[in-house]
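Pasting the structures in now, so scroll down.
Common to both upcoming complexes is chain A, partnered first by chain B, then by chain C.
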Partner chain A sequence: MFSRGCLRQASRVSSRSLPIRQTIRRTTTDAAKAVPEASEARLTAAAYVATAVAVASSGWYFYQYGPTVYAVTPAEHGLHPTKYPWVHQGFLNTFDHQALRRGFQVYREVCASCHSLSRVAWRTLVGVSHTVDEVKAMAEECEYDDEPNDQGDIEKRPGKLSDYIPSPYANDQAARAANQGALPPDLSLIVKARHGGCDYIFNLLTGYPDEPPAGAVVQSGLNFNPYFPGTGIAMARVLYDGIVEYEDGTPATTSQMAKDVVEFLNWAAEPEMDERKKMGMKVLAVTTIMLALSIWVKKYKWASLKTRKIVYNPPKDILK
Partner chain B sequence: MTLSQFLSDVYSSFTIADAKAEAPPAEQADDKAEDAGDSKEEEKEEEPAEEAEEEEEEPEDIMPKLQEECANTTKCAPFKHHYEECAERVQQWDDTPEDERKGKRESCVEEYFHLMHCAGDCVAPKLWAKLK
Partner chain C sequence: MPVSSRIYNTLFRRNYVFVGLVFGAAFGADIALDIYADKFWDWKNQGRQWKDIRHKYVTEE
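Let's turn to the complex of A and B:
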């Protein structure tokens, strides 16, 4: 458009100023040659400018919005947990209840000295990992506050099925004081409460290296664990081979115990999982049948409508 | 998931299974009560470590061995190489006298992360095949 406009203008100028025909022809050809040269230079310049503007603006845009800015170093972020093929995470798979039983044993003998499990009652273990009598026996070993007696004093009584699993410390302050200021979190919902869930906890438990990597700065009182954000964790490695003795004879290696306890903690966080998956299966099965039925009914009802044929027979004597 | 497992899952989801809350006829619930008591006494984290040393026959974990193997595979070898190089640099830095040191002491955490990330992906299926 630019060039065409120029040409038109040039031809108009030449035809007005030069009356003689031949000269006109000659000069018009000259002008036609000369003027496009000038406009070509301007065009090139314009193209250069446009390209420069485009490159600069996209460069500016990339500078402004392109690169992701990480405010934390990888060490502060922590190593992403490795994904493990947990059996219970399949669509139709339940928890491995033998693993739950072993996991509870690990919790009780190892974790429970620092971590509470305050939202799990003894009764919830019944039929999941232990029998009634076993759970009753375990509950009775713990002491709970009884109702006030006639003098108004609160006595202690042995635990019952309806009691909750006792916490190792009276409150958070006591827990902090006993652990150099670090609060051992409650484990009832820990699988849901941590990014990475089961994988994170398993990696955390098994991920303590024998010695921190070269050059890593570990504050005093902390331990190096690559999976913990910041890599300095107050909890030391607790799972060592053979620390518990499984009653079913499973070799109690570090990874085996970690797997069992993580599965148990996953159960503690979502005890409804088995039931939920079963219900999901039922819902899918019933809705599939209902869908199939409704499709059949619809087809049945519409069959007469869909297969009918409307024929118009115009009267033959209409023009008469 | 095999077809038979799927079918048995479907079957079990339509039938009512009894929750086995009662102990089986042969009573072995009593021995559970014994080991329940001593867990209460453990207050410190160091104690379990001492206990482990007392054990006669310790089962050995295969996880460190698998990690070692995985770190040496062709896939993870470059990461291991990087980490070792970094560790060497740190060692050199430590060895030079204090007034001749240049810059800050390097941290190999990032290299270690890359190595562990690579090794972890390789370990996961192998470890799960071995665990119960």
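Let's turn to the complex of A and C:
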């Protein structure tokens, strides 16, 4: 019923102006009239049944495969981090380099006692948060293995700009042994390596409650932090108000230090961010101009085709 | 002589002039884009970049 009705409508509309089609239409309508009433009713019933089957099968499919099944409890998943409006995450914003300098100070005085930053070299800090002389002085405070001497022994030498920031432990096993089996992760790429990025790390650093909530099970040697998956984290709260004294006079509150160190770690993970954003800005500017030009060229080339008119005059003798 | 034919005669008529124009314009546009992108970047990030805080830490040049 549906399909036949549509066909009849369409043929009536399209063939109104062409006399030659009218004869064809007449034959089709005659054929349609010849269909008996019983067959139309059967067609309608078939359409209802087909619709019901389609709806039911798609419903069954979504019941079977649609809902997501979570294998972990919310506690095991960890509390979702609060979203903060990080200025440096704007499309065209760089890092606040004063905050990077403060963040490096926090890393050096607090985090560096357990966490390595093994993929960041001293030289990368030059012109970002410190001057050359400052970085050279910091590097020289550390000792690195030198080339073997004439007896083949490895001697120590003061660090250079090209050296990487030294790790607190010689290897992962030493780090585990010193931290009751827990490995403090390397912080070079930690912002990229954790879901939630900056928000997660900020929430983790500032989210330690004074004491675990009633009913929460905290294993010995672990600390309660709702943002950490599983809520039991080996790292204790480290950022307390005033634990660091900033050289630029910024009050060193817990959240200020967490914000600064998160921004610094974001820089460590994405030192190329400025170049990336600048390049994206240029690409968008150029492609916008190119898009406008190509639209204009298309309109220019198609103008003659779009405005022409094709007229068909049927031969007179075919009407007889 | 109308302006259009003067442009044609000076710029488009000889191929080496035209190709030179294309390459020169490409270089010029790229340099100009870089300069203005950097200017916009510096304006958007006033006070946030290292060059804005550098004077606090550099003792002698």
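Just so it is clear, the second predicted complex is superposed on the first by the 219 of 320 C-alpha atoms of A that agree within 3 Å, B and C clash if a C-alpha of one lies under 4 Å from a C-alpha of the other, contacts with A are read in each partner's own complex, and residues count from 1 in each chain.
The working rule: a residue touches a chain if its C-beta (ideal position, glycine included) is under 8 Å from a C-beta of that chain, and two chains touch if they have at least 3 such contacts.
For clarity, every value in this text was computed on a predicted model and none was experimentally measured.
After superposition onto chain A, the partners chain B and chain C occupy overlapping space and clash.
Look at A:A112: by the touch rule set out above, it reaches chain B but stays clear of chain C.
Using the contact criterion defined above for the overlaid structures, shared-chain residue A:W296 touches neither chain B nor chain C, since it reaches no partner. Of the two partner chains, neither chain B nor chain C is touched by A:W60. In the superposition on chain A, A:L92 makes contact with both chain B and chain C.
When the two structures are aligned on the shared chain, A:K282 is found in touch with chain B and with chain C.
Touch criterion met: A:S129 reaches chain C, while chain B stays clear of it.
By the touch criterion defined above, A:Y48 reaches neither chain B nor chain C.
Contact with chain B, but none with chain C, is seen for A:E141 once the two complexes are overlaid on the shared chain.
For the contact definition in use here, the residues of chain A common to its chain B contact set and its chain C contact set are 92-93, 98, 127, 130-131, 133-134, 278, 281-282, 285. Contact residues of chain A toward chain C in the complex are 87, 92-98, 101, 127-131, 133-134, 248, 274, 278, 281-282, 285-286.
Against chain A, in their complex, chain C makes its touches with residues 33-34, 37-38, 40-41, 44-45, 48-50, 52-54, 56-59. Against chain B, in their complex, chain A makes its touches with residues 73-75, 79-85, 90, 92-93, 98-99, 105, 108-110, 112-114, 126-127, 130-134, 137-138, 141, 178, 203, 206-207, 209, 213-217, 226, 231, 235-236, 238, 240-243, 245, 247, 250-256, 259, 278, 281-282, 285.
Interface residues of chain B, counted against chain A in their complex, comprise 1, 6, 9-10, 12-14, 19-24, 27, 29-33, 35-40, 42-49, 51-52, 55, 57-63, 83, 86-87, 90-91, 105-113, 116-117, 120-121, 123-125, 127-128, 131-132.
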